[in-house]
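In the two complexes below, chain A is the common chain; its partner is chain B in one and chain C in the other.
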Partner chain A sequence: MLAGSLELGSLRLVAAKARAAADLATIVAIGDQDDAAFAATGAYRPSPDAEAVARVYFARNLDAIAGSLDRSPDEIAAAADVAVFREAGALDQRSGRRYDRPAVRVAAVVPVRTPAFAAFLLPRVTSVEVLAASVAR
Partner chain B sequence: MRRALTVAVLLALLGRPAAAWSEDAGDWEPEPPEIEVPVREVEVFAREVEAPVREIEVQEPPEVEVPVREIEVPAREVEVLVREVEVLVREERLAEREIPEGVYLVTETYVRDVVTIEGPLTTYETETVAWSPGSYARELETVGTGTASELDGAAFNGRLALSDGRPVAGTFYENFVWTSDGLVPVSVVFFQDDAELRRVASLPAAPEPAAAPAEPAPPSTLAAVPAPAPASTEAGGDGSVPASEGPLLDERDAPEPAAAAAPSAPAATGAPPGAVAPSPPFGPFVPVAPSAPIAPRPVGGSVATRQGGAPAQRVEVLRGRRVALWPRASSDGSSATVLAWRLVSGEASAATAAGSGADPFVARWDRLAPPGSSYVLRFALQVAVPGEVPPPEVEASIEVAVLSPALDR
Partner chain C sequence: MAALETVLTVTILVPLLFAVIAFGDAFQRWLAQDAAAIQAARFAAEVGGDAPEVRALLADTLRSSGIDPERVLVEIEPARVGWREPIRLTVTSSAALDIPFVLHAVVPLRSTAIARGEVNR
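On to the complex of A and B.
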């Protein structure tokens, strides 16, 4: 029972860190500006490589909890659903949200090892879903 | 040959006194000898003396390699220098010409008639530019308000009328160009200088210009359309106030604009303002049709996000990001060259304060603007407009919204 409680607490901590990793990845990705779009219109648009930047920083941020993950951070980031909404007012089909400004969104499933749950006939790996989106305002 | 000549000369010198001696003569005193040298000998001697002199003169100086350094002179300065040289050349030519008394070289050129309405005061003035097209002018007649003139209708820009129909005050000038036959008159121009004051009691609540100009102009300034005949009393295209708005006072009743009401003093610059349509100095004169209005030349400024790009009213930049903005200008609806710009007002963390037309305004913002607001940058642009010296200065502004990444929850 104690082991199960500790495992549950650890799972919640790792899940929070995974969400923070996704949040920070979207902030980094939205924090770069498309120079060509600025020159053409003067308006802010995410950088063309915003999606790649989001994946890279998501993986880097997951490194801190890599020991608790069932897959490598790079594999998790590569499998993540990263979307860049370059125009304001875009609708996110996955979350149903509408962004009033250009946005970068990361949706991923982070597999966290939970060996203590096996004693209770629960899965040894628990999937944590994270969803993060950032805009420049 | 030379020896024989020398012997002959000696014989002539020695033999002449003896031949001239006479027994009748008392005291013999020999006369000063007269030496006759053959002309041929003198020429030969002169050539021998001149020969070395020529040789000395034709010696060329040694070639010295002077280091050549390329100096980039701004095109604007070159234009100014060229104009100064042209003026000097004209003055030099002027000095060689016989200019009748009362005729002056034009130094102030007519641009357009301007009617300005400021509350109850309507001012009739003439816009000029300090430019010498190489023509000449003389004053024909200075007329007062309502005074008819034989020259009415002769000026290519017409003569406007006050709102009560009386022709405005001003001065007629006749323009000349210099040809091989001398000065040839080409046109007559009227420099208006008048004002009128409406009675305050009859003013409407919100006075509006009676007629809007065809070209964009400052709100209180109307580019006047020349009246084809001074007898026109209709208030319309001339920008004057309709007579139906009430009794009118002319410049003599205006309390303040006395200076503006007085006819301009051409002698202030040493020469009277003349006017011809802008044409090459001493080139073919293109007459201006009396019915053709002199179009104003609106000059505007703007800011673009790239060189030669479209003007932008607002830009969005990320905090801390370095961006470049390009001041632009337009004249007569087409792009004009920005000679220089300077930042008049606006906040930025790091920015260039001034530059030439080829330099962008580079800045970054490290601080966000207060919530709900943006930074506004105002620039003063010096724009190159043909025929306008000094170049006009216009203002351009742009709104800068500084953005920062944030989570969207």
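On to the complex of A and C.
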């Protein structure tokens, strides 16, 4: 019972860290603007490589919990659904949110190892769904 | 019979209760430390690296979460970061797990956040 409780607490901890990793990745990705678009229009647009940057920083920030994950951070980040909304007012079909400014959204499934759950006939790997979005300041 | 019940209570339920409290406290501290590390990493990216104001912000945030900043190791790499370069901030503290009859240990709690430099030098 104690092992199950600790595993559940550990799972929630890892899930929180995974969500924080996705959150930080979206913040980093939206924090860089498209210089050419800004020079031409004066409007803030996310950098052309915003999607790649979000994946890279998601993987880097997942590294801290890599030992608890069933797949490598790079694989998880590569499989993540990353969307860059370059125009204000865009509707995110996945979350149903409408962004009033340019935004970056990361949705991912993070497989977390939960070996102690096997004693309760639960899966050895628990999938944690992560959704994070950041809009331009 | 009563003596047996007392022994079982003391040797099983008391460690169980202490374990729940000790691990719950450690997990809570770890999450608070994570949040502080992320906030400080973002600030370090904004100001261009390791700066006194970054460490002051981190200390304030840790203190408000009940963590003594004097007993925390902070590493910021690189100390000076350029535009679009990654900057890593690591906070390491320790948590004591004192569970009667079972465990007396000090475990390290490490939080790492990686942000991107925003200062165009």
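The rule we apply is simple: the second predicted complex is superposed on the first by the 137 of 137 C-alpha atoms of A that agree within 3 Å, B and C clash if a C-alpha of one lies under 4 Å from a C-alpha of the other, contacts with A are read in each partner's own complex, and residues count from 1 in each chain.
Keep this in mind: a residue touches a chain if its C-beta (ideal position, glycine included) is under 8 Å from a C-beta of that chain, and two chains touch if they have at least 3 such contacts.
This is a predicted model, so every value here is computed, not measured.
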Subject >> Fit or clash - chain C, chain B, common chain A >> reply: fit
Original post:
In the superposed arrangement, does A:N61 touch chain B (first), chain C (second), both or neither?
Top reply: second
Original post:
So after the superposition, what angle do chain B and chain C open up at chain A's Cα centre, nearest 10 degrees?
Top reply: 100
Original post:
Taking the superposition as given, does A:A136 touch the first partner, chain B, the second, chain C, both, or neither?
Top reply: first
**OP:** Report for A:I27: first if it touches chain B alone, second if chain C alone, otherwise both or neither.
**Re:** both
Original post:
Touching A:L6 in the superposition: chain B (first), chain C (second), both, neither?
Top reply: second
**OP:** Once the structures are superposed on A, label A:Y99 by its partner contacts, choosing first (chain B), second (chain C), both or neither.
**Re:** first
Original post:
Can A:F38 be said to touch chain B (first), chain C (second), both, or neither?
Top reply: first
**OP:** If you've got the overlay open, could you tell me the nearest Cα approach between chain B and chain C in whole angstrom?
**Re:** 6
Subject >> Common ground on chain A, meaning residues reached by chain C in one complex and by chain B in the other >> reply: 23, 27-28, 31-32
Original post:
Along chain B, where are the residues that touch chain A in the complex?
Top reply: 305-306, 309, 312, 314-318, 321, 323, 403-408
**OP:** Going by the contact rule at the top, pick out the chain C residues touching chain A in the complex.
**Re:** 16, 19-20, 23-24, 27, 30-31, 34-35, 38, 41-42, 45, 84, 86, 110-116, 118
Subject >> Of all residues in chain A, those that touch chain B in their complex >> reply: 23, 26-28, 30-33, 38-44, 97, 99, 103, 132-137
**OP:** Show which residues of chain A lie in contact with chain C when the two form their complex.
**Re:** 1-2, 5-6, 9-10, 12-13, 16-17, 20, 23-24, 27-28, 31-32, 53, 57, 60-61, 63-64
